[in-house]
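Naming follows writing order (A, B, C, D and E), and every chain is counted from residue 1.
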Amino acid sequence: MIIRPPTNWLRMLFVWDGSVLKTIVPQLLIILAISLLAVYTHGHLFGGKMPLDTVPFPLVGVSLAIFLAFRNNAAYARYVEARQIWGRILIAARALMSQVINYLPADGDGFERKLFLQRLIAFVYALTHQLRKTDPSEDLARYLPKEEARELAGMHYIPIALLDRLRLMLARAARRRQDGGGESESLLWLLDKQVSELSAAVGGCERISNTPIPFAYGVLLHRTVYLYCFMLPFGLVGDLGAVTPLVCVFVAYTLFALEAIAQEISEPFGTEPNCLALNAMTRNVERSLLEQCGEDVPEALKPCDRYNIS
Amino acid sequence: MIIRPPTNWLRMLFVWDGSVLKTIVPQLLIILAISLLAVYTHGHLFGGKMPLDTVPFPLVGVSLAIFLAFRNNAAYARYVEARQIWGRILIAARALMSQVINYLPADGDGFERKLFLQRLIAFVYALTHQLRKTDPSEDLARYLPKEEARELAGMHYIPIALLDRLRLMLARAARRRQDGGGESESLLWLLDKQVSELSAAVGGCERISNTPIPFAYGVLLHRTVYLYCFMLPFGLVGDLGAVTPLVCVFVAYTLFALEAIAQEISEPFGTEPNCLALNAMTRNVERSLLEQCGEDVPEALKPCDRYNIS
Amino acid sequence: MIIRPPTNWLRMLFVWDGSVLKTIVPQLLIILAISLLAVYTHGHLFGGKMPLDTVPFPLVGVSLAIFLAFRNNAAYARYVEARQIWGRILIAARALMSQVINYLPADGDGFERKLFLQRLIAFVYALTHQLRKTDPSEDLARYLPKEEARELAGMHYIPIALLDRLRLMLARAARRRQDGGGESESLLWLLDKQVSELSAAVGGCERISNTPIPFAYGVLLHRTVYLYCFMLPFGLVGDLGAVTPLVCVFVAYTLFALEAIAQEISEPFGTEPNCLALNAMTRNVERSLLEQCGEDVPEALKPCDRYNIS
Amino acid sequence: MIIRPPTNWLRMLFVWDGSVLKTIVPQLLIILAISLLAVYTHGHLFGGKMPLDTVPFPLVGVSLAIFLAFRNNAAYARYVEARQIWGRILIAARALMSQVINYLPADGDGFERKLFLQRLIAFVYALTHQLRKTDPSEDLARYLPKEEARELAGMHYIPIALLDRLRLMLARAARRRQDGGGESESLLWLLDKQVSELSAAVGGCERISNTPIPFAYGVLLHRTVYLYCFMLPFGLVGDLGAVTPLVCVFVAYTLFALEAIAQEISEPFGTEPNCLALNAMTRNVERSLLEQCGEDVPEALKPCDRYNIS
Amino acid sequence: MIIRPPTNWLRMLFVWDGSVLKTIVPQLLIILAISLLAVYTHGHLFGGKMPLDTVPFPLVGVSLAIFLAFRNNAAYARYVEARQIWGRILIAARALMSQVINYLPADGDGFERKLFLQRLIAFVYALTHQLRKTDPSEDLARYLPKEEARELAGMHYIPIALLDRLRLMLARAARRRQDGGGESESLLWLLDKQVSELSAAVGGCERISNTPIPFAYGVLLHRTVYLYCFMLPFGLVGDLGAVTPLVCVFVAYTLFALEAIAQEISEPFGTEPNCLALNAMTRNVERSLLEQCGEDVPEALKPCDRYNIS
């Protein structure tokens, strides 16, 4: 994710980092080449004048507008939902930790609060690794007992397995409490609700990660945008003459860039500059949980020189 | 559902599998034929010049844009909701299994955890079959006792019947627990909530499956799109001459393709290439539940050679 | 609601049943007449040439697009919400019945499960009648004791009264259970939640039914659409000549039809062809509840010859 | 709110009551005057021809469309949400009353059900008065003991104070019950949930009432609409000549009217013809609660002669 | 936030405060300068006529409309969500206070209600400071014991720490109650739910505050708007001549202003004139809680002379 301080309207016109310009330069150069060809040949191709003027473009423009707007909205909705789910992870993890601290007896009673905290943090790291398809072993080893980390690393659904272990700890604590004569189950239910919330967040992330926007939309939009831009120079050259390349590249830039942004945003768990900062959010959950438990709080992640934060 | 690795922008222009091109080729050929006729006759029809120019098309374009955008959004909303409901099935099934494992006494106490697991998996398969209107007998027989499978196969609402049986198992376990002197009902409630969630998911799927987008929209959009495209060659031929067929087929492609995609997407439980991968999702639920119970985990379904996953 | 099997793209162009064409034929004939007049007089009216060309139509088109899109979206949102509420009725009724069967003692204990079932079914019928403003007496008499049916028929909020009676049955069962030494209230709460859900669904239906889309929108859209279509022939006749009637009727068809569909959809509990199939949904709830209780299941309602299902 | 029986498409063109026409007549007359001036001077102003043609209008039209669509959607979303909140008030009040009747012991046990009912009704009236900034004293005095009504009238947050009193009654009833040996708190919780729901509805209404759509939007839209309409006659007069006033007033009507409707709708608790019928809804809650308690039910409010219902 | 009494349609055209005009004056002057240059040179630049006419602008207009509409909707959605979260804070704080007053024993039993109230109010102030990145020390010192205020001021997540303390007070009260022989946990759960709601609101605010709309959108929109406006004078001068500056500045005003509003709105916790009135809302929560406890109620914040309320 790009986090930049607000900048002057003029400098904003020449920003490079964080714009998607770099990913679409080759295609823009192709459009530039076609435009120059059209200007050079005065729109003649294959030995004759291309009888193309500006008439067809608004007709295609209707479809184009619908495709682009839809694609962009669908992609952004995925991005926003992904961010909301991670917000819920922070919220549920904090609430669970706070409830455990305030409602469950301290370690003397057999409840290992420290282990609970470690597993909760490990859960968030494991989820990040699952979503980014990276290897969680190192982070698991950092927070969990060696044995447990190795065991988990071989599983398919690691975050779920960690939640199951948290649930087991809660169940045992409740049973010990009941044996001691207290009520237990309403409390269990209270705590279980937060675990379920975390589990729902995992399911939500998996859904976004596993189910892309239907493939056919991408193909259709891609073809429409590119055919439109390839035809544009021959349609405009009669009217605009030497300004054609400028206008065509400008139009192509707006269309290619929107398609490229939508592409990045629609996979919010990726590592492109406009994806979510999973690492920073994971660290943030960790920091908040550690502060709640009165432990030392590590540094928050900061954007790099290019304003990118992963 | 089509799952393809991201591909080059150039190859993306020539993708065949997963685009809806194959379903609209006949119609595009008809538009091509009409365009060629218009070029050949220089727009003369029935012995006279069709006095059609480009003027009316933007007027119809307003309606067309509204119809297409609406149809597409409505269809996609159904697709997304269907996917979310299946996400909730995964979430609720996992939570239910985890609660049963951690909070209910093991089989020694009379609760048949294994049967519970089998019924839960059978429930997901039964729902898939109901939504795809296929025969569930085989899958029921694979997971359930013979007797039960036969009994269920004769019912109208099989997934609901399976949930009722799960609820009965929970009720009995709670009663046994209460007789043993423990609290029971808060726990029952905790477990019941997940069963209710599964039952709500069934209701949601039935709703999407039984209530299409109002028929009149489809008719109206279909007529507008086709009349528009049929009239287009005669309107453009005066301006564009020999390029008319190219432009008309391009415009028609964007419109027909969007209508075709929206049609597929609006019935997300179907078996077209852009529908949901119910089988893969069912298998995913099964895999996750089995791993939670420490059982062997079968392979995940993979996309076929044509990138399709059912 | 129109339920038609998917049909050929060609036949779809000539569908009559379920399209709204029949409700707008008179207006289309008027547009045809005006268009013919415009062609006949070459756009002269009141002794002089109407200096109208195509210039103003795109200007009005902006407003028109906004009005139509808004009206249509608002109407469809009401339709979808109404359908979702009925989905929740099915879900809550099933869950309530399943909980009553599995958690409440059978009739021996004084709980009249059969009466409960009958009142629950009667509730759904009563709601349908209230929403369609039809007489519920017959259906009430079919499911309820004569006395009770007569008493209810005189009330203003019959579905609510039936829910209150269900709640009373649950309260008594809970009290009996408590007297017998068991826990009662968590269970009561579990069951109460489903009754509340049904009650919320009643409130939601009443809201949609009693609060139309603000009247001023309808007037504004109506006037804009009709003035636009009345002026259209005089604007187009200069350009299009003899084709004017064809184009004007086509444009008017798309606009009138969308307005007509939106009108039907915006009152989803009505009996127009594009309204919800309340009767079929009511029967579906009844069927599902009866199957849950092991009773005989009546036939589902089927679409009539004209593909309509009420 | 305007509630009119459905009317003929022709009469709908000439409706006066409930359209916003009356609020925009002065502005339309100004546009008419400017148009006539433009026709009279053939577009000459300040001694020279205004070189304005139709070119700039589509350019401004893009912004205009975005502003109008946004403003209208934002306003309607507020209207719909306000209506939904009032729907939830009806739902929660009914559920609370039903639970109190069925689960709490009758008055003999010290719970004053009648007072509870009166306070609940007074709550709804107090909320209506708060939202419309009218004096609640009269209605409070009608439903509450004199003392209490006077005390409340001096407070800032009257509906909240009434809910606090309802909560106190429930707390006392629960305590009495517990002292009598029964369970109390699950029941308390059940009832508390409905009070919380009512309290949430109050908060929601206050939010809509206190936070308008950001002011800058209104200014921007207003200026764009009026400048556009003021310039329009000079742009069209060259093309349209004597028809200019007709077209300009028509275009201005669609824009001014949409702005005016959006303005009314965006403050849904006001008393304009297109605002919510708070009084009728309040009466409806009262009627439903009274029928639940078996009390006499007053008449429902009916629309006045001009189809308006407040 | 700007709160102005409704004003005359004519005066609305000349409003200065609260419009974003002041922030875009420099850019508008630049457009004016370019337009005058274009008029002066009759569109000649670099020694030759710029062959730019109005053709390309509608082509870019499609992208522009999509970008502006998207950006604006995304920004407004953030604004609305932020406001809703603050609404939920008011609702949850009131409900928590009401439950504490009515369900928890008064101070004699060891529960310090006064401290609870102070911490709750301090929580809202601390959240406001966190979101506006201002120093909370003064407000913390005003409501909390000196010691506690100092301790909190050194933490990273102050509002969360305050909620944890509230939870601890509730846990202790519940334990005291249980020791006294009463039920405790259902009550605890009831109260815990409101604390969780407040905690969720904190998480929601942090999410909106920390995750801007993806940066690339802003760059893309900014460039498109400015290039469009820079090119506009040379495209229009041929048609419009001396009116060009008027039209160009008008078009630029609508585009720049919308971008500027969207920018302000998208950071709803800022201090620009169109941001949320956090201070006033904080005061409102404080007032409502104090009135619930029967304490003196301070004045509500009022808009300043320029109609601004922070």
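In this section, a contact is a pair of C-beta atoms (placed from the backbone, for glycine too) under 8 Å apart; a residue touches a chain by one contact, two chains touch by 3 or more.
By chain, UniProt protein names: A, B, C, D, E = Bestrophin.
Model, not experiment: these values are computed from the prediction.
Listing every chain that touches chain A (Bestrophin) and chain E (Bestrophin) alike gives an empty result.
Fewest steps needed to get from chain A (Bestrophin) to chain D (Bestrophin), stepping only to touching chains, is 2.
When chain B (Bestrophin) is laid over chain D (Bestrophin) using CA atoms, the rotation angle comes to 145 degrees (nearest 5).
Averaged C-alpha coordinates give centres for chain D (Bestrophin) and chain E (Bestrophin) that are 24 Å from one another. Chain centres here are Cα averages; for chain B (Bestrophin) and chain E (Bestrophin) they lie 38 Å apart. Along chain B (Bestrophin), residues 58, 64-65, 69, 183, 186, 189 each make contact with two or more other chains. Circular chain order, beginning with chain A (Bestrophin) and continuing to chain E (Bestrophin), reads A, E, D, C, B (contacts as defined at the top). Against chain A (Bestrophin), the residues of chain E (Bestrophin) that register as touching in their complex are 27, 50-53, 55-56, 58-60, 62-67, 69-70, 74, 155-157, 160-161, 163-164, 167-168, 170-171, 178, 183-186, 188-189, 192, 196, 199-200, 202-204, 206-207, 210-212, 214-220, 222-224, 226-227.
Chain A (Bestrophin) contributes residues 1-4, 9, 12-13, 15, 18-20, 54, 57-58, 61, 64-65, 68-69, 72-73, 76, 79, 83-84, 86-88, 90-91, 94-95, 98-99, 101-103, 182-183, 186-187, 189-190, 232, 236, 239-243, 247, 250-251, 253-255, 257-258, 261, 264-265, 273-274, 276, 284, 287-288, 291-292, 297, 307 to its touches with chain E (Bestrophin) in the complex.
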